[in-house]
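Paired with subunit B in one complex and with subunit C in the other, subunit A is shared by the two complexes that follow.
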Partner chain A sequence: MSGRVVALALAGAALVTLPYWIQGSYYINVSSQILFYAIFALGLNVLAGYGGLVSLGHAGLLGIVAYAVAYTLQAGLGHTIAILAALVIGLASMAVYAVLSLRATGIGFIMITLALGEIIWGLAYRWISITNGDNGINVRTRPEPFDLSLASPIAFYYACLIVFLVSLAMVTVFVRSPLGAALMGTRDQPRRMNALGYHVWAIRFWACIFSGLLTAISGILFVYYNQFISPQALDLTSSAEVLLMVIAGGAGSLLGPAVGAALVVVVKSVVSGFIERWNMLLGAIFVVIVIFMPEGLVPGTVRLWRLAWRKASAHASHETEPAASEAEAKQ
Partner chain B sequence: MTFYLLLTVNSITFGGLLFLLAAGFSLIFGLMRIPNLTHGSLFMLGAYFGATLVGGMLSIQFNFWVATLIAAALVAVFGAIIERFLLRRLPGQPLAQVLVTLGIAFMIADFGLMVWGGDPINVATPGGLTGFVRLGPLVFPYYRLAVIAIAVAVAIGLWLLLDRTRLGAMIRAGVDDPDMARVVGIRVSQLFTIVFALGAGLAAFAGIIGAPILSVYPGLDFEMLPLALVVVILGGSGSLIGSFVGSIIIGFIYNFGQALLPQLSYFVLFLPMLIVLLLRPQGLFGKFVP
Partner chain C sequence: MSALTVNALCKAFGGLHVTTDVNLNVEPGERRLIIGPNGAGKTTLFNLITGELTPDSGSIALFGRDITRVPSRRRPHMGMARTYQIITLFPHDTIIHNVSLALLGLSPLRWNPFIDMRRQGHIVEQAHEALKRVGLGHIAGRPLAQTSYGERRRVEIAMALAQNPKVLLLDEPFAGLSIDERRDVHQLLLGIPRDVTLVMIEHNMDVALEFAERITLLHFGEVIVEGTRAEVVADPRTREVYLGH
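Now for the complex of A and B:
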């Protein structure tokens, strides 16, 4: 347990000091991307990991929020109003999305959410009079909370980091709350939960709303980071990518989605500079993960680590057996 | 009037193509409960293989129909390999199935880009079907009518296979109740491989048959996948007649939507699916709620 605390403290320190040991704004921007994609993945993980509800349309929700920000700003309103409007619109869209997709569970849920995501993408792509089609909408400025400019990569990185840590804390609290426990119950034993008197549908609905909140937060960071939104951000590939982040990192684990986000973003933006066929590499990584670590990178590594540690300690205790038995004898 | 009649023929043609694509998807979904997200990729892969064989890129120029059969067979074998070596390991794990099928879809998309490049490849209409039928003021290309005939023939063939053969009876048993089918001695795992290969082959077949109309280009895979999904949700998974009716409905909505409401064409495409989900979640002809 203390090893875990040390590891988390080290990771936290690394994140805070990152701009000092990573040179160049390019890599700091990559780190910001990892952070807001990690929030996105955390949000999806609430549904896919803890709720067993695999959504393949979350990029559509992210897109609605991003378009809401861009559209409000284009209408000449301020950043505060834009962010608030985006949150409200994002949550309202999530409520509709949840009501429609919670008609089914399992594979049916996957298919409905995929179709919903495609509808939103189709609207963004074709409803040119509202969304400007493929040309997208520009967002000229970033907000200045407490008069701090977020224009520089480092400032934006810290904004992302703070929001990420808050989001991670929110998910941790949610997972440990009675609602989180009930959600995991509806994932594993929906009928039993129903028989116990839990309102399975309502639990899933509120999980969707919480997931929608995180998606909205990451959508706001997304649009301010890119300062641009186009239908490409909403397509099926984007939805698939965030789902892959969750599953590859470890669905139903707290840190898995962040690790998955780092993996996908690094392959997409850094490795793609060296390897032309990075998409194939990414696909191959996913297949390999499923074969060797079907539970995802984080739980899989933990399992292997424990296995290795147990073996090592068993080996060690075997070697020092006489000493150990002596010690026992003394006691 | 002429406009609407032409649109109708195009709709039925597209519906026919969709049926070829969705029938396999529906069977795989109905029997194996696997969301096969490679299905659009298999469609595209079949089209690329067909284009290569027909276009004489391998220094031999194949007849269109021979090329169609070879490419469909190749993709069917590929599908069987995916099922046998990857999906077989992941029964009842939808997350892992999604990860693997999407991973393969990414790889196929990149493979296509690597081998065939980013430009659309046009496939020549097979000889003998290049002409037009004239009916008064109307002009119908032979090939589009031929696609309709092929789709109907495949539908009848599939129906005979499912309804009149021993294999078909076993597949239906597997769709209705996999556990009970196992208990009475049907080797359901073997059925899985057969059905997956059949579905992959059909998707590839649809890809090649559609190539002279749609051409082949990167991104075709993720354009066709949602359409197959919508058809299956609309018609009901595991139901042949459902796939057929669903395909024709979507064929009409797709073509009429594009022509009449271009700005909202995707919206109207997915709207009937939402209505069906709300009123009849198992689909028009489906037997179970997925």
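Now for the complex of A and C:
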């Protein structure tokens, strides 16, 4: 338990001091990307990991929010209005998305969300009067909360970090709450949950809305980071990528999505500078993860760590008193 | 007023009539046993009563109130609980979490996304109490994956009892248990107070007959015989249908 606290404190300190030990705006920008993709993955993990509802259309939702910000700004309105409008539009879109896709679960749910994501992509591509089609929309400035400019990479990194930590706290509270427990119950035994008096559909609907909120937050950071949005951000590859982040890091774990986001973003943007066939490398990494840690990097590492710890303490018990090792094992 | 009334209930899957014109009248506090050979439609009848299946025709009433159109998820809130023949628990969680979920199902807290579930003192307390009733108080914190089949049966019953039902439907509570475990569960069922009406499906005649006051014999979806224990056991149709000679 205390080891976990130390590890989390170290990770937190590393994130806060990151701009001081990482040189160059390029790597700071990569870190910002990791953080907003981590929020995106956290949002998908609420559904895919805790709810057992794998969505393959989440990039479409992220895109709607990003376009909402860009379009509102283009219309000459301010950042506050753009962000609020994007949140409202994102949540409303998610509500429609949820009502349509929650008609099914399992493969059916995946297929409906895939279709919805593709429809949104098609709209972004073809509804030129609003989206400017393939050319996309530019976002000229970043917002200045409390008169702090987010134009520099470091300032934007800290904005992402704060929003990420708040999002992580939100998911942590949710997962431990009765509604979170109910959501996991509907994942494992929907029929039983219904027989115990739960409204399974409504629980899943609210999980979708929460997932939509995190996706919207991520979408806002996404569009302000790139200062540009085009249909490419909404395509199936993007939806699959965030799902891979969740699965690689550990679906249904709190920190898994962030670790998965770090892995994918680093391979995609940093390693791709050295290896031309980075896609193949990413594929190979996933294969290795699936073979050795099918539950994902974070739960897998915890499992191996515990196993090693138990072995070490069992070994030690041969030399010292057995009672001591028992007490250690209980911790 | 009857605790549970089933009136002219019919259900067919395609051309297969699994429930045909079934009538049941269970008095408050009664211990009712439903028997019948495999495929007689016993579990289907339970699924109709709890609302997991919708009847083609007929009606169901709980304490005089027609619940035929009430969604199944509302029925626990009206005092109906059930256990499953095939154990249906939450495999990744602890025993106490399973029972807590049962309690939470009837509490408005179940919609709350902000509070810590493990810190809800009254829920944890009630869950412990329910587990003590079934003799599992000492292993409440154990993950379900590390429990025996017999213990899981008792968790099933604890979850149903935790909801404080007025009518409890038990679907083969002795299935797959050893003789010792069967005796434990039997004692447990005998200890349920009389303000709970029990309806039980069971194949295991030696324990079940001892338990029941009235027996309903189903065969091919129809009620063949109904009456007191002595009447049903003495009836020649029981021998013919159930015992096969």
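Here is the rule we go by: the second predicted complex is superposed on the first by the 320 of 331 C-alpha atoms of A that agree within 3 Å, B and C clash if a C-alpha of one lies under 4 Å from a C-alpha of the other, contacts with A are read in each partner's own complex, and residues count from 1 in each chain.
Definition applied: a contact is a pair of C-beta atoms (placed from the backbone, for glycine too) under 8 Å apart; a residue touches a chain by one contact, two chains touch by 3 or more.
A quick note: this is a predicted structure, and the numbers were derived from the prediction, not measured.
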Subunit A as common anchor, with subunit B and subunit C clashing or fitting: fit
From subunit A, separation angle of subunit B and subunit C (C-alpha centres, steps of 10 degrees): 80
Subunit B versus subunit C as contact partner of A:Tyr225, first or second or both or neither: neither
Partner chain(s) touched by A:Leu236 [first = subunit B, second = subunit C, both, neither]: first
Which of subunit B and subunit C A:Phe164 touches, first, second, both or neither: neither
First (subunit B), second (subunit C), both or neither touched by A:Met193: second
First (subunit B), second (subunit C), both or neither touched by A:Tyr125: first
If touched residues of subunit A are counted for subunit B and for subunit C, the larger one: B
Partner chain(s) touched by A:Leu282 [first = subunit B, second = subunit C, both, neither]: first
Partner chain in contact with A:Ala181 - subunit B first, subunit C second, else both or neither: second
Which of subunit B and subunit C A:Ala48 touches, first, second, both or neither: first
Shortest CA-CA distance in Å separating subunit B from subunit C in the superposed model: 14
Touching both subunit B and subunit C, residues of subunit A: none
Subunit A - residues contacting subunit B, complex: 48, 54, 56, 100, 103-104, 106-108, 110-112, 114-116, 118-119, 121-123, 125-129, 235-237, 240, 243-244, 247-248, 251, 277, 279-280, 282-287, 289-291, 294
Interface residues, subunit C side, partner subunit A - complex: 50, 52, 72-77, 82, 84, 88-93, 97, 100-102, 104-107, 109-118, 120, 159, 163
Parts of subunit A lying in touch with subunit C, wherever the complex brings them together: 173-174, 176-182, 184-185, 188-189, 191-200, 206, 210
In the complex, subunit B residues that touch subunit A: 29, 33-35, 37, 86, 89-90, 93-96, 98-100, 102-107, 109-111, 113-114, 222, 225-226, 229-230, 232-233, 262-267, 269-271, 273-274, 277-278, 281, 289-290
